[in-house]
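Letters A, B and C mark the chains as written, and numbering starts fresh at 1 in each.
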Amino acid sequence: MPIDAKTAAHVARLARIRVEEERLPALAEEFSAILGFIEQLNEVDVEGVEPMVSVSPMRLKRRPDVVTDGSMPEKILANAPDAREGFFAVPKVVE
Amino acid sequence: MGDLNRMTIAEARDALRRGEVSAVELTEACLAAIEAAGALNAVVHGTPELALEQARAADARLRAGGAPDMCGIPLGIKDLFCTRGVPSQAASFILNGFRPEYESTVTSRLFEAGAVMLGKLNMDEFAMGSSNETSTYGSAVNPWRRVDDETPLTPGGSSGGSAAAVAADLCLAATGTDTGGSIRQPAAFSGIVGLKPTYGRCSRWGIIAFASSLDQAGPMTKSVRDAAIMLAAMAGHDPKDSTSADIPVPDFEAALNGDIRGRKIGIPREYRMEGMPAEIESLWAEGRRMLRDAGAEVVDISLPHTKYALPAYYVIAPAEASSNLARYDGVRYGHRAKLGAGDGITEMYEKTRAEGFGDEVQRRVMIGTYVLSAGFYDAYYNRARKVRTLIAKDFEDAFAQGVEAILTPTTPSAAFGLGEMADADPVRMYLNDVFTVTVNLAGLPAVSVPAGLDSQGLPLGLQLIGRPWEEGALLNAAHVIETAAGFASRPSRWW
Amino acid sequence: MLDLTFDAPKPRVISGATGDWEMVIGMEVHAQVASKAKLFSGASTEFGAEPNSNVSFVDAAMPGMLPVINEFCVEQAVRTGLGLKAKINLKSAFDRKNYFYPDLPQGYQISQLYEPIVGEGEVIVWMGEGVARRVRIERIHIEQDAGKSIHDMDPHMSFVDLNRTGVALMEIVSRPDIRGPEEAAAYVTKLRQILRYLGTCDGNMQNGNLRADVNVSVCRPGDYERYRESGDFSHLGTRCEIKNMNSMRFIQQAIEFEARRQIAILEDGGEVVQETRLFDPDRGETRSMRSKEEAHDYRYFPDPDLLPLEIEQEWVDAIRDSLPELPDEKKARFIAEFGLSDYDASVLTADVESAAYFEDVARGRDGKLAANWVINELFGRLKKDGHDITRSPVSPGQLGGIIDLIRKGDISGKIAKELFEIVYTEGGDPARIVEERGMKQVTDAGAIEAAVDEVIAANPAQVEKARDNPKLAGWFVGQVMKATGGKANPKAVNEIVRKKLDL
């Protein structure tokens, strides 16, 4: 299914990646080519086939309810572009 | 002793134990080689001080006796591994300046075994690419060149820096990661050995995720024996990774007895692709002969869904990546875009991610977003997962017939020139992974072994695919090819 | 056995200009699992810590970090499911819900969309004696909580604290079976009660450990019944979801406002738009949450970092065997065993600590008397001090001792109240206090007779009047009680007064 510029813009927005207006048609074309390639999958008969969940047939690992981590706010904030008073700071969010 | 950096792990291990060489000497030789190899752009963050400190500690341990195999071995570490206090950026601008406060499980294990880290190695951004050209650091360059031709070639990708560094003897070995062929393809392009272990063999904890259900770390080495030694140090159960297998790690090196008599090796007819270069075809035939000569039973097999592996991969990997890369948002680490007046949180996200991610990463994140979006989930993602089941079943069927390993070419061509694919449509670049990607979808171990040179003097690799958890048997078969091929060529030094 | 016959309450009806409207309400209650560590990391869940201190690298979604599940949290979800008589799914799976928000570090919430751990169950919500609503539970799933964004610390910036990020929540999803604001509050109250009985959630709404998203729609009388018969949601109106409420009062106010808002739109010929809304307690209104609207494509897919969660039937059975007596059963038992009224039994079983306290007091004693003392004296006194039962200065043994003294006739009811106050404020053994402070009731007939005689002798005029008006005997009893400092046995005084006055 070919992708148009409007769909490309929608996807870019969902992915939170700014794409300049004039680049959208080219992007849509790239998407269309990739999706065209992907659509070969439609040739496969998948009737009754279970989707793969995991290649490793193991029991999910569990941990006990014990506090083993945390108490290191300075390490958590060490790489932050903007940290203030122990918090991460971001442009104002309007709810 | 000259050229210490040219040693294999096995040679260095033995020399270190005999006291013929020190870890510091080995490390200094590698650091000097790195110093002189700027043109390869393989090492992107050198850590010479850390390396020498680790080397001195290794020497003390060696003197005390009983040191593990990897003690004192200088390694390069792919930039995808988080290494404490050392830049770890996945070759992306979005992680510019990121220095983790933690150490990945695989590097922790290597360091606990006494290994020395020389620095971080170049790669494709977030391991997305087959040529190292998507790196924020600029491409690594293959130490190999075509005969009488100075065209810079790709070392392959995504572990291109690792392949280049090992091939150019900047380190004794390197870590790589493989999501669709990212260890094996660059290993083949650079004339070295690259092993992708069974999914779950090495912990993913602390390795920057690309596609969680496919990613697996592995060794990139100068010999099959080295791969066996290094894998043993990297592997093992990790309670911090829910997908890491609680299975004992055997002595892989001990499996290398060269005896494959009576072993059944499968040759999948679907890998005989149209338009495959004659040289690849004949290399493959040569591989079959080598195995047969060693007493293996070479049989034709069918893996009927092979053709659909690449399209399934290009649904699953981008879908997982689109979610895995959502955390790069400019809030807690890495790059944050400069904002204009009136810009809010959405603008911060959109500008940060547009500036921080390169074109290929953006493309894959958006494709992944699209295939997961409302109304398309079943048509794309779920269908791809079903095809994945069929691909895994193809292998199970072959193994059920007694096949112990499967022989294929690693890549459809030798290394190509940097920039050569710049104008090609993205799908053409994706075709590089056509022989390697099935293995990731099925979670199997596979190794690429250098087996010959093409007419232009470039290395070519053969791939062996093994049964789950049987890396030892797989490496033993690879060892047979390695010995029979007697691949001893090295790139002549131009850098 | 538990008697579960009841009548359904009437739905709340609002009369509009164009006729009557009914409310239809479904709820998603987010209950924080009472665990020490987070769902997928080893960081603490403790409330009120310094910002970003209960945060691991996993919670902060540092590159390469991976989730490993806390088994205790899984157990609590199973336990909750069993408490709600729900189907436990031996195989469930975790999905990622993808959206961008600063307090969601991973860019996705790990939840269970496709295969939740708990399936259909029910909650019986009592609205009065013999009147209850059976609210069907659709599912319970486990998921991660988000962090906290603080918007009022800086004019241009929002501040993010990740302490809450990754704390385990159980999302308990009801069917749209709730029919009015009071029922909604009663449903949350009942659910909270059950969770607290089970010990799976502390139910602290103030700290946000229990909060509700409320789906409200309105329909015409008869439509709801048509929906229940056919299962066809098109009989119901378009719903709006009011997010994140942590007060019973606000839940009721928000539902009331929202239903009236929707009715006004519909009666105006408009259409209700399905959307997420926020309740503003200052204005008593709900308003549209625009920021959430555009991000509605959550791109759910199975989390590749986690395998499916498979649990064993034996484990589920062991959890079932360890379930405590639940509120409805306990209440029925209190009525049967102690002869309590429905009301008293409800009050005493409201929380498990009160019920246990009462049982300790009532054991081997008169259950009704014990209920009276626990409800009227103890609860009343605790309320005055703002204490709950767990901080009662009077132990069940002490209160039982007071009741024993009453039964034995050692003290009167009036003295008993004084004694209770002494025990409450000063502590000590009630029998000993009575002894030491001479509070014991005078039951000695001779002593009482003497006192009666004295009063009669001192009040001849009253004696005359009493002969004509026997009701005045009470006046004499009062005088005698006064004269004996309240310690005389009132019953004995009454008898002797009547005898002496020839009444």
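The definition used in the following text is that a residue touches a chain if its C-beta (ideal position, glycine included) is under 8 Å from a C-beta of that chain, and two chains touch if they have at least 3 such contacts.
Computed from a prediction, not measured in an experiment: that's the story for all the values here.
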Original post:
If you tally contacting C-beta pairs, which pair wins, A-B or B-C?
Top reply: A-B
Original post:
Where the centre of all protein Cα atoms falls, which chain's Cα centre is nearest to that point?
Top reply: A
**OP:** Just give me the whole-number Å value for how far the CA centre of subunit A lies from that of subunit C.
**Re:** 40
Original post:
What whole-Å value do you get for the distance between subunit A and subunit B if each is reduced to the mean of its CA atoms?
Top reply: 23
Original post:
In angstrom, rounded to a whole number, how far apart do the mean CA points of subunit B and subunit C lie?
Top reply: 57
Original post:
Can you list the subunit A residues in contact with two or more other chains?
Top reply: 13-14, 16, 53-54, 56, 58, 60-61, 63, 72, 75-76, 82, 88, 90-94
Original post:
So which stretches of subunit B touch two or more other chains?
Top reply: 98, 100-101, 213, 239, 242-243, 322, 326, 329, 331-333, 345-346, 349, 369, 373
**OP:** Return the residues of subunit C touching two or more other chains; collapse runs of consecutive numbers into ranges.
**Re:** 57, 60, 68-69, 100, 102, 158, 160, 297, 299, 304, 306-307
Original post:
In their complex, what parts of subunit B are in touch with subunit C?
Top reply: 81-82, 88, 90, 95, 98, 100-102, 104, 204-209, 211-213, 239-243, 319-320, 322-323, 325-327, 329, 331-333, 345-346, 349, 369, 372-374, 377, 381
**OP:** Using the touch rule from the top, collect the residues of subunit B that touch subunit A in their complex.
**Re:** 97-101, 199-200, 213, 239, 242-243, 245-246, 305, 307-308, 310-312, 314-315, 322, 326, 329-336, 339, 343-351, 353-354, 357, 362-363, 365-367, 369-371, 373, 380, 382-390, 392, 425-427, 430, 441-443
Subject >> Residues of subunit A touching subunit C in the complex >> reply: 13-14, 16, 53-54, 56, 58-73, 75-77, 82, 84-95
Original post:
Residues of subunit A touching subunit B in their complex?
Top reply: 3, 7-8, 11-19, 27, 30-31, 33-35, 37-44, 46, 49-56, 58, 60-61, 63, 72, 75-76, 78-82, 88, 90-94
Subject >> subunit A partner contacts - residues on subunit C that touch it in the complex >> reply: 35-37, 41-44, 50-60, 68-74, 93, 100-102, 149-151, 153-162, 278, 289, 291, 294, 297, 299, 302, 304, 306-310
